[in-house]
Amino acid sequence: MADTLFLIAGGIIILSLFVAAIRFFLGPDPVDRVIAFDVLTIISISLIALIAHEAGRGIYLDVAVVYGLLSFLGVIVVAKYLERGL
Amino acid sequence: MVRKIFVIILLIGLGWFFYGMADSFHGSDSLNMTASYYAENGAEEVGAANLVTAIVVTYRGLDTLGEVTILFLTAAIAAFFLKSKEEFSKRDVKPSSELLQTAAGMLVPLIFVLGVYVFVNGHLSPGGGFQGGAIIASGLVLLLLSKPLQKVNSRFFALVESFSGLFYVGIGVAGIFLAGGFLDNSILPLGEFGTLLSAGILPVIYILVGLKVGSELSGLLTKFQETQEEN
Amino acid sequence: MEVLQITGGFVSLIGAVFLFLGSLGIVRMPDSYNRIQTGTKATTLGTLMFLIGVGLYNPSWFPKLIVLIFFILFTNPVSSHVLARAAYSIGTELTKLTVVDKLKDSRGEDIDA
Amino acid sequence: MLSVIIIIALTILVLAAAILAVQTTNLVVAVISAGLVSLMASVGYLFLSAPDVAMTEAAIGSGLSTIIFFYVLNRVRGKDHG
Amino acid sequence: MKNLFISVVLLLSVWLLLNASLSPVVIVSGLIVTAIIAIFFSARNPVFKDMKLNPKAIIYFFLYFFVFTFELFKANLDVAKRVISPKLPINPGIVEVRTRLTSKIGRLFLANSITLTPGTLTVDIKNDSLFIHWIDVSSTDIEGATKKIVENFEKYLEVIYG
Amino acid sequence: MDFGLVAVVVGFLLILIGIWGILTQKNIVKIVIGFSIFDTGLHAIMVGIGYLKGRTAPILDSAVSPADALTSIVDPVPQALVLTAIVIGLGVTALMLAYVVRLYDYRKSLDISSYEDLKW
């Protein structure tokens, strides 16, 4: 029962990964692509949690913590570059 | 145009070559000889739960020493090439928003704690000196992003870097006299498997590697940041 | 235990649905600011609920998940604020549906004064 | 079953982002796409049971490389590219 | 001193949560690491010095947390409604609101709360004025917008951070 | 489906894309980006070679005991090598970008065809 629910949730996450990637490849401005990049990294955190759950290894969550840091830092670097404040 | 045709022909040739390699690739079912030695004896000999760490720090420890040296040389050469011609003190940058400065003030200590966690637990969980050093350098970058005109004391990085490198080599030489060889980790007792204080001197080596890599990458990044000029 | 696991499955399913709505929002919305809005809100709650669901299934993972949840809850709004500010300062256009733009008015006053 | 779908999705995303990074004329988009290649590859490394490599690729390949690229882009910012 | 104490407590709790254990070795090493980092940073950047530690502030902190969670759920249902409906019912604009909060950390939490609540996003901050992108503008003057967006959180944050 | 084979194929394709970028692009920064994609492809191949079907990460904890490590973990040696390679890759990228900055100072151009001094 619970495994089926996680399977469906995983399918929806993959679908949203593709939908966000559409905006990344389409996006007219760099700003739009940065938003899509941010959303893609945050979806990847969920994906890592799902992989850790499937593999049954809690230590994979360390990678997710590093991801959370990087999604923040990457967006800020690009934003500061765009507004000429680097 | 002729150039692109040549490139396409070259890529098709390389692709054919790669296809042959990928076609003959078949995953094996068991570990090869070296890997099965590490898998069988790594936990007893080194006492580290993370076998990748055991290989990086102990079995192939000399490679890691060389790698840290290469990184040091890279940082030094890049700093030499980026040497600024004059003082760029009159830079005109758009200041950060107040919210980012406050958030950076709260987050930077947290990021440093995360980096220290990653390299102290290198023998138990994924991560280690290189990753922890990179996280600490990212924390420094966040500080620089929130206040771009702030001066960073690069002599402090040089000091930390030299001392950790010195102690790293010192522990390696101490291994020759007190234990089996260069960078042998059984100078200290191995301790109980799977706890924070285990695997002999290995956590100390990884802490030193983390400090060294962190200060090297911080120095490299501040060098890139300092050469921004008004344009 | 069974009840806890099924609850975890449902919570993470709802989280995944919110993630999907967030990514649908960044495709459908007409301008960058509205995209930032939907992108931030829906993905924050979606990730949060997914992580809580995984934590309900494996209760021993909760400490690390709590750090992750608070980190996301704190950093996500800050990064979207910085991005929105950068987008405004390089003159990203607002959509034609926009009703009022007080920030432009105040910037005009600054130049006059 | 789920893992097969995930690995196919990651493969498509990595290759598409790599082609975008090489082909686009806007340097900002190229650097962000190169960062996306590293990021998706590092999720893939978790599937290959290599969490150490995944963490290194995320922290160094995607994080610090992108930061250095943007510092250099800001330094060489001219009129002909954005 | 208060700043140093709060920093050490926060960082130590993060360290313990990351290690997920309470053995003496972990606690001692955590104390050493967090004390060094906190002393290093709190001298030049005292962020927590405006925080209050009386019982009323702690009670209000929990109240604020519940209000915030409720608003977060409301925001997401709002986003879901707007994204799903085929007509895309938006009426966006940037409005100006004023805040009474003076401490920096209080303003940071206010801006974060505004960003995560229904249909609003903090675009810029200048002294006391917050400029907010609102997805469904219902009042364009400063007082009306302030009443609708800010006051719900301000009454809690004022007690916690002053 | 063998994930190791998938990783090897993706790695080869990334190498081809990277070489295409290095050889056809005119902008120096784009050439460096092509090199970094090439690098990622190499790492993917090495990790893919070390993967064994149905096994887990080489970290021994409550999920994997030291006794049955031989039959349940993947090959740790390629992972240790890739760890080194990624860090060196960052160093090489930083060095190339320092040269880019120096070249730009010298001639105020990022186009590779304006540097013809050594061409014969």
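Some notes on this structure:
The letters A, B, C, D, E and F name the chains in turn, as written, and every chain counts its residues from 1.
In the analysis below, a contact is a pair of C-beta atoms (placed from the backbone, for glycine too) under 8 Å apart; a residue touches a chain by one contact, two chains touch by 3 or more.
All values reported here derive from a predicted model rather than from experimental measurement.
The fewest steps needed to get from subunit A to subunit D, moving only between touching chains, is 1. When you average the Cα atoms of each chain and compare centres, the chain farthest from subunit F turns out to be E.
Farthest from subunit D in terms of Cα centroid separation is E.
Looking at B-C and A-B, the interface holding more C-beta pairs in contact is that of A-B. Centres computed as Cα averages put subunit B at a distance of 19 Å from subunit D. The geometric centre of subunit A is 23 Å away from that of subunit E, both derived from CA atoms. The distance from the centre of subunit E to the centre of subunit F, with each centre set as the mean of the Cα atoms, comes to 40 Å.
A separation of 32 Å divides the Cα centre of subunit C from that of subunit F.
Residue positions of subunit A with contacts to 2 or more other chains are 10, 17, 34, 55, 57, 59-60, 62-63, 65-66, 69-70, 72-73, 76-78, 80, 82-84, 86.
Subunit B has residues 50, 52, 94, 96-97, 99-100, 103, 106-107, 110, 114, 118, 125-128, 130-131, 135, 138, 141, 217, 220, 224-225, 227-228 in contact with two or more other chains.
Counting partners per residue, subunit C has 22, 24, 36, 44, 60, 64, 67, 71, 74-76, 78, 80-82, 85, 89 as the residues that reach two or more other chains. Going by the touch rule set out above, the chain pairs that meet are A-B, A-C, A-D, A-F, B-C, B-D, B-E, B-F, C-E, D-F.
Residue ranges on subunit A touching subunit B, taken from their complex, read 59-60, 62-63, 65-66, 69-70, 72-73, 76-77, 80, 83-86. For subunit C in complex with subunit A, the residues that touch the partner chain are 2, 5-6, 8-10, 12-13, 15-17, 19-20, 22-24, 26-27, 32, 35-36, 39, 43-44, 46-47, 50-51, 53-54, 57-58, 60-61, 64-65, 67-68, 71-72, 75-76, 78-80, 82-83, 85-87, 89-90, 92.
For subunit C in complex with subunit B, the touching residues are 71, 74-75, 78, 81-82, 85, 89. Contacts from subunit A toward subunit C in the complex involve residues 1-6, 8-10, 12-13, 15-17, 19-20, 22-23, 26, 29, 31-32, 34-36, 38-39, 42-43, 45-46, 49-50, 52-53, 58, 61-62, 64-65, 68-69, 71-72, 75-76, 78-80, 82-83. Those residues of subunit F that touch subunit B in the complex are listed here as 2, 4-5, 8-9, 12, 15-16, 19-20, 23-24, 49, 51-53, 57-61, 66, 69-70, 73, 75-77, 79-80, 83-84, 87-88, 90-92, 94-95, 97-99, 101-102.
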